[in-house]
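Shared chain: chain A. Partners: chain B in the first complex, chain C in the second.
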Partner chain A sequence: MRRSRLNGVLWGILGVLAAVAVWEGYKAIGPAEGVVVGDIVILPRTTDIAMPHTWDVLARLFEPVTRAAGADVLWWAVLQAAAFSLGIAALGWLLGVISGLALALLMQRWVTAESAVLPWVVLSQTVPLIAIAPLVRRWGSEIEIGSFQWENWMSVAVIASYLAFFPVAVSALRGLKSPPAADIDLFRAYAAGWWTTLLRLRLPSSVPYLLPALRLAAANAVVGTVVAEVSIGLGGGIGRMIIEFAATASGDPAKTYAPILGAVLIGLVSAGLVALIGMGLKRFRRAEVTA
Partner chain B sequence: MTDPRPAVRIASVDKIFRGRKGAEVHALSDVSLDVAPGEFVSLIGPSGCGKSTLMRLVADLDQLTAGEIEVFGKTPEQARKDQDYGIAFQQAGLLPWRTVRANIELPLEIHGVDARGRAARSDELLELIGLADFADHHPDQLSGGMKQRVAIARALAERPRLLLMDEPFGALDEITREHMQNELVALCKETGAAVIFVTHSIPEAVFLSDRVVVMSPRPGRIKDIVTLDFSARDEELREDSTFYDGVTAVRMLLHDGAADGARGVENR
Partner chain C sequence: MAIMRGRASVMTAVAAAGVLALTACSSGDDAETTSSASGDAAPAELTPVSVQLQWLTQAQFACYYSALDQGYYEDAGLDVTILPGAVDIVPIDVLTSGSADFAISWVPKVLGAIEQGAAVTNVAQIFERSGTLQVAFADSGIESAADLAGMKVGSWGYGNEWELIAGMQASGVTLEDLDGGSTVQQAFDMNAFIAGDIDAAQAMTYNEYAQVLEVVNPETGELYTEDDLVVIDWNDEGTAMLQDAIWADSERLASDEDYAASTTAFIKGTIEGCVFAKDDPQAAADIVTAAGSTLGTSHQLWMANEINKLIFPSTSGVGHINEDQWDATVAMALETVNPEGSTIITTEPPETAYSNEYVDAALAELEADGVDVMGADYAPIEVTLNEGGE
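Up next is the complex of A and B:
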């Protein structure tokens, strides 16, 4: 057990090293103008502007963001932006999970609801994010209840949840329907109502289906947050930072990669959090292990 | 036997399944049967003879098309709501995330028995099925026979006066199966519950039952009933000639042939 975990860590490190090796290897032997077939560049240029050395990218993290006096060190700025985006992504994830579960329950409870709602659920994911971002922002700005005012970060969270709810809705529906007919009969024989059957049979049975969906939803929420920050124009997060730093790419190429590392960090943290949920629900995964 | 009312009364029951495209399957036709309190009745017959359907009608898991069923003088629906019967299926159907004890306690939990009452009852039942040492194990750590024992304990949890069993030993190997049959005989003696037992196995039906109801398919109906009156149901009975007479009688009925000669067999 312990040995295999250690192996996992080693393989993880090896994977990162391999990626670095490919990057530096290509940079060393690739042509400066990139590999061009006809007029199309199929592999990037290898100049320091297009592909800074990996160690330069790392070193850049420990320099100030700008030359202005009192500027934060870069890694700290990235970390703050990452925390900001992670917070919004987490909220989006939560909203997505709740609405996904609610939709799945609705579809499980009423067959008509399934045939009415499921096509829309699938269709919703074909609408490009860039198209809905301005809509959400405009609708949000109409909302004004008392002292409550819609803010841009709320729009970002809503868009993140829009991407996150889909895997949850689909997998939860499968999970809720997963108990075998004999188990359903058994609960009917106990004169158990829909609610009891849900709590004691359907929800526990759906855990093995739900965990991968929660993981997917987390990844979707992170991507949704970063992209929505860009299209809504919300500052303070990783999304805007990527755009801002890209503008300075020609003068400071290593800096461009810092927020991308920040995005990776968000992904790792959210995957880790979902894994914690999975450990908490371990006993409901017994069937998964043995069957 | 103080209650003169039958445990189950089935009167002229018809069951027709209607398929989506108007196709009809006549699962049961004019079936009548009374089961006395404490009586062990097996339903046997080829696939499609409606034996499981008949049990499901008694359990109120399906609705009958015509006729009448009473369970302890009530409608099956009322009997189900009053938890008048315990039920076990071919697949043990234990919930994998619950321990053996928690599985046995499931019906008690659903019906609001407090923790102390549940623990007391599950202790009794674990003792009864000989799995006290496995109380905290999960189903995936048990053999097929052990799982089925747990399922039977769960069916007995609320001390029902009627047990409905749908091929509960069908998935077990022959040796485990005979062992389980012996245990079931002991359990029934102890609890005094009436049993409706659906099976494919002729020796199993004969060994366990006071009466074996032989059914025939398309449409499902009762062909004949073999009454068995063994003085004791133990390992010796399995080698006894009266047992073989019973097996032969049931087999004859199932294979059409000389059904007439076996009518109303009494094995003493």
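Up next is the complex of A and C:
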């Protein structure tokens, strides 16, 4: 067990080193104007503006964001932004998982609901995010119940959940329907009700379908959060940082890569959290099914 | 599920706790800035108003941030919330949906919205001049709009292209004459221009133009200088359109006396902020940086200085809408044909599209207070840009 974990870490480090080697290798031998076929650039330029050295990107992380007095060091600013975005993504993921499961249960319980709802679930994912983001923000700003006031970060969480619920709903439905007819007949023969069948048979057997869906949902929630931040301009997170730093893309190219590293970090942490859930549900994982 | 036990349940609980802890972080602060109560006891009743900017926090909006920081809005009886913009935020939509009391936007963009039915009024024209340039390298052979024929010409689109198209039309250059038959979509950075993918790139004097000057010229090893570049300035070409203006809700102006009073107060505070930024651009730049901008410090100062040039010296008092400039913008909006073959507007805008009533009242109050709203003796400062704008 320990040995395989050590191996995993080694392979992980090797993977990062390989990525760095590919980047630097292409930068060293690739033409400065990029590889162009006809009028189409198929490989990027290798200038320092287009592809800063990896060590420059790393070194930039340890310099302050700006020269302004009291400016944070860059890696700390990125880490704070990443934590902020991860928090919103986690909330979006949670909302998405809950609503996805609820929809799957509804569709499993009533066939009519499945034929009525499933097309809409699929259709919902064809609406571009940039179209709904400003709408969600505007609708949200109308909500005011007592002392509760809708905040922009809630809009971002809702948009993240909008992307996250889809794989959960579809895979959970497949999982809930996965027990073989013989098992269901057995439960029926024991006069087990819908509830009991759900808790003892359908939910456990849906786990192999659900876990990949939770991972997909986590990835979707992160993407949704970052894009929605860009779209509606929520401050404090990685998305906004990407736009802000774009102004220095020519003069300080290494800086623009810092929030991208932050986005990678969010992806890794969220994947790790979902993996923990998977370990908790280990006894239900037999053959895992791709979503 | 009830049969889950032992280590397994612990792991799940840990994961769930992680998620919850992260969720708790997300209730953090927003980028919205509200006026903090300064030392002296403010009058009990401040009217809360909000203003929607058209882009992220940066010195382009130094007037508003300075007014907030220096307490000019508070003095005018307002508790102002500044809402930064974003990629998909259209300020006029935010204003008409009631999510903000005022919006900052360019006139040509809003004229289109007014024709579509938006009931908004330009109550103060903060920028008297246009900040849009078309920038090319000095060795490109481009000197005026007429030279753009056959060139790769960049534009951001989304209503930022009208001065460019009007300028080309005035010089007899159509979009078909350009290399590629249309303008090239430009990103938020100037990489495509520096790499040569764009011969003449759109640039604001206060932002993208400086971005080029913050890059090391590989031929000299020094930063690019203004001598390396040629600019086509739409103010000189005669196709400048009115840019940053304060827009208010026309219907509320007509029906709500308190809102009308707040409008005058908001303009008054804003103009005072502009005067503050004119007199001390460094302080204004620092205020904007403190309000959450991550632009480099020399870039921020450059921006504050360039903004001042767009406002001062003022022809008829900061914010006053000059009829000739308004008419010129409207005339161009009626005549300029975009790539899809349509013009910004097809008929003259309604009379409610602009009003000098509120800005003139604000200017009168400021003059009575002895504030110099003309800036006749204004002289810009010299700003040295550092690499990357630092």
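Convention: the second predicted complex is superposed on the first by the 282 of 291 C-alpha atoms of A that agree within 3 Å, B and C clash if a C-alpha of one lies under 4 Å from a C-alpha of the other, contacts with A are read in each partner's own complex, and residues count from 1 in each chain.
To be clear about the criterion, contacts are C-beta pairs under 8 Å (C-beta built on N, C-alpha and C of every residue); 3 or more make two chains touch, one makes a residue touch a chain.
The structure presented is a predicted model; accordingly, all values stated were derived computationally and were not measured.
Following the overlay on chain A, a side-by-side fit with no clash is recorded for the pair chain B and chain C. In the superposition on chain A, A:R283 makes contact with both chain B and chain C. Contacts of A:A182 after superposition on the shared chain: chain B is touched, whereas chain C is not.
Panel annotation: after superposition on the shared chain A, the angle at the CA centre of chain A between chain B and chain C (CA centres) reads 150 degrees, nearest 10. In the superposition on chain A, A:L94 makes contact with chain C only, while chain B stays out of contact range. In the superposed pair of complexes, A:L201 makes contact with chain B only, with no contact to chain C. Contacts of A:R5 after superposition: neither chain B nor chain C is touched. When both complexes are overlaid on chain A, the residue A:A191 reaches chain B alone and has no touch with chain C. Counting the residues of chain A touched by each of chain B and chain C gives the higher count for C. Fitting both structures onto chain A leaves chain B and chain C with a minimum C-alpha separation of 8 Å. Chain A uses residues 204, 283 to touch chain B in one structure and chain C in the other. Those residues of chain B that touch chain A in the shared complex are 56, 59-61, 80-81, 83, 85, 87, 89-91, 93, 95-97, 106-107, 109-111, 138-140. Contact residues on chain C toward chain A in their complex (touch as defined above): 1-2, 4, 8-16, 18-19, 22-32, 56-57, 84-90, 93-94, 97-99, 187-191, 194-195, 207, 211-212, 214-215, 286, 289-290, 292-299, 386-390. For chain A in complex with chain B, the touching residues are 180, 182-183, 185-192, 196, 200-201, 204, 207, 283-284, 286-287, 289-290. Residues 45, 47, 49-50, 65-68, 77, 83-84, 86-88, 90-91, 93-94, 130, 133-134, 137-138, 141-142, 151-153, 157, 199, 203-204, 230-236, 240-241, 243-252, 255, 273-274, 276-277, 279-283 of chain A touch chain C in their complex.
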